[in-house]
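The block underneath contains the structure these notes are about, expressed in structure tokens.
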């Protein structure tokens, strides 16, 4: 049985309440970085705005972003901080076309019974049956490898273990990874494993703590800073394996966002978190699938900027979001956003990565 | 590299403090089920008692059990409740031979570097590297299949998922399971899956909740009670797969201990928990490896009655204990007992079972 | 603002679908402990059965129990195992009167806005605001002290801490506790604290581990077994404080259910878990409020046997259920039963007990 | 019984191995932000460096920071990124004076038995007895109010609840808070509670979700951005309560560090996380006690930059660190740093704040 993307059924605007609806109200920004009162905030669903009598779909949405009518007639979604004086912002907080704003949550309501199921499951826990979710994920990834854009969001636990680090690098090599969003720690410990065989000073296979091993990640960071870039570090040390290595070799965007927990940081880590958000969003704008592993900070950040759908080859399709963690609490925070397409799996990401790599050629 | 059991190096009793030590003090039980004051309680390690000038190793130990000198000259370990008037109990709470009691914790202190490592790792969490533990487990199970006795302790989550239930049944069929300790729920939901395709009313593959599915496990229990035994139920319904089926087919002991949470219960569930303990201990006495999955109640109960070593073919060898759960708290409670041979893995047991089955032929 | 119980609005049976509904179908039990096929299983809500043209409310319900028409014309709810040959069991799995069975979930749908809120909150976590829940609990307990029956379900963590053990004993002394359901461990460690100042060998105030302290709970159990009863132990040792002491002094039922984890056990612990269930249900039948602290096993067991309502002085009223634990997973398992009246609080039970005692005189 | 700080017993440098030890080796920084090879990284303990024959205590240490000999003869501890070309860095990775580096972990090894206990407790969990820890905390805070500098590290859950937000503001008003480290979310939701009565759109007392409440925090952020500063926002809206209000009124430093999860952000949030670290460290350098509540990110970040001791009025004294969370995992990550003075409490921070405020006048 081959995998099919659910069809998007666009709304039919040739009738009420659409034809009689007013144009959306636009108010100019008076102060950089400040929205007009009653600004409209985006949901994760496709939203249409009536402009000059036409219903225009917002481009590349972002939850809580602000819709701005651009000079070219498109509706772009900006964060507060990116609003500029003169931007024309849609105001109004209804969803039913009555203010020229229409939120369309049912576009992918599939006739396919397999897909229906997705919508109706309730709580997810360590006791949920995940076999079908795994199989669905394998189908999605096989499809997305060539026809999608898979963004992986990685916590450091993904590289703490010998086998899972190899599995992750293999998935990159095989083409299932199109971009990586992570922090300073994931990259640091991947390089530490590559250079010194440890993560936080502990051997990634034997679990032995190395003497003075707490220096290891600091030495790696210091080497990288001396080299000036991750590329130069890898070349200098002649590294030929690992996650960072594989990503750079395949020219995969590797966005490393800084945090106040960072040592170092490594070169290329974004010190300004809002610039980091902008870089991350460049990737989530392209994303067709998002896979978030063992990081509450980056998972929520990425999830917040990823809508339930994207435009691909002129057509709307859903974005699949998978989040994996042993902590149900972390997963529930993501599910609270209300997206039906978020699949949360309570698992150790090490098992998850080994499993996924074993099942994908 | 082939797997070798660590050698046991028995203590050399031909010198001090052993030769000059007094015989162990024995006090008679005056009241059934009540130990003498200052009774000795067993640890998880080999313990020797000086009787008539000879150091006698206690047989089939049990933590917190009471050593009793039997008429045949052996030291048997009994629970309080199994003490009878006239039993001769060792009293004394030292471990250094000074009261004729010697606790020997270093018998397996291996020269093998692989084994040394086992002893020195500290905290275990979702961020621990588990690759080596998995590989070691595969080695252990390959060895134990024919040369050991592997007791599996199973929570209901092991059968909630389609793939993991199949994996577990396959491990039984392949010979890696010599006894199963579980509760009413594991057996009930395994049978529910076999008969109705659900666990607690939810399809084990599609996760779909079946209409009136909350009746499913009750109907299964009722059918089983009507049939009178699990064997008859399976025959009546012509069941040919699943964990209970595989266990009965292979004549594997399936000890189901009752609890106050039980519906039903199924036939063969032990209503009296202390009789259940006695039945469980019959299995742990034979155990060379214990694998505990996703059940705090049964894991702690089984762990408490399993020492760090056993006698096999006249020789002492370690008992390996593995415990797997997504909840670190549950695992830490087991590790608090202090056994170096307990390996805890923070993982979803569904992934664990699929992994283990994939790696063992 | 004084606390008022929500009114129960009984269904009006003087119209359809009630008048035209058939009598409930009754089928005789043919085999002790086995229900007829298609037996009806109870929900947590009030359920009415049409018998001889009259709608009869089931007495003292229990989720998943089986309704039996007794010779006196009442409907009693029995567990499978308590069914006897000849019992007349209601069969049918509808709820809408069409088979003479009517489940009435909206009886307490209050006009009171405070109560409405209770119904609509969604997920509960460590980030939920609990101030109102605490205040509501204080109101409930002040009311129930004299006009209700408060059953406390206690895990051992309630007595591990010096202050919380005192708080719990004080709540008993002050009259806020009418029955206690617990296991061997809670009682053992309370007595250990009273006799030796420790819990599991660790001082309950200083946290110091006492030398050979792992014997402490074993010694306490052994003393109790020697004494023959908790009453005699307390008298012999002249204990004058603690939870067990306070309960016995106030003649509060203290139901201790056995489990396979038990050492000992203490005298009066129920070895047969189904007899323990019967004893527990004697208390939950009287319960108007249930407070479950830090025990997954006893909380689920008690919760399963407690419906959403009870009859008190000839009138139906809701049963309030509070469950407190630091583990959201444990709480979510209870909430899955679907009762709107379950209030779960993510908290350490030690803080909870100290708070509650400070707020109630 | 009055609270006394443990005495610091400085090492006696008038003997071996100190007198014969060489001066510490200094190597110049050749490149901004890059340490020399084999740089020394600081621990959390007092460290002395032999310079020109004298043992000099490093000032205001920071774990993993790099010791630099300044022109004034002091040793200052800098992060990699703050190293400048020409800085003279101590190299060497021993601790025993043999390279002119001496790490002194036993300076506070108290004769006081109360303090000894602190050192020997092992794992901490939801089942630990916390009464003494609470009492000790109250003693510490009463002492520190006037004679110390208490830095509070606050996650958003501290202001999600009506009572706990009031308790926290009261602690500020009463003088128990000298600095606050937090993120955008804590400040945003405190202001949202003050302005709109909600946190994330849910009433902080009734738990009712307000219609369109998901706009609330966005509106608050937008208002604040419009006002230009938190001070102006508070003045404009005439706010007179809450955590931010109390902090600004008392002129308490409020360091808000940005993260990639932020909406907005509010004015005064540090966008550059390394600048944020510098600002945070200005506070932790003064800290005598650190209290970290319900935030893994800020707790680890603050904990990492806080040593086990500080200099106050020319004398060394310990820094007390308290961390409170319901998640043991989060707490264990902090304890892994090895400081004996970290007290972790498994509790809901709402209970914790109400408790602490009730116990301090």
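Residue numbering begins at 1 within each chain, and the chains themselves are lettered A, B, C and D in the order written.
Keep this in mind: a contact is a pair of C-beta atoms (placed from the backbone, for glycine too) under 8 Å apart; a residue touches a chain by one contact, two chains touch by 3 or more.
Only a predicted model underlies this, so the values are computations on that prediction, with no experimental measurement involved.
Chains touching both chain B and chain C: A, D.
Ranking A-B and B-D by contacting C-beta pairs places A-B first. Rounded to whole angstrom, the centroid-to-centroid distance between chain B and chain D, based on C-alpha atoms, equals 45 Å.
For chain A, the set of residues touching two or more other chains reads 126, 327, 329.
Contacts from chain B toward chain A in the complex involve residues 117, 120-121, 126-132, 134, 156-157, 160-164, 199, 202-209, 294, 326-327, 345-348, 350-352, 354-355, 358.
The part of chain D that touches chain B in the complex is made up of residues 123, 125-126, 328-329, 332, 336.
Only residues 31, 33-35, 39, 41, 64, 79-81, 93, 212, 214-215, 218, 221-222, 225-226, 257-265, 271-277, 280, 296-298, 300-301, 304, 327, 329 of chain D touch chain A when the two sit together in their complex.
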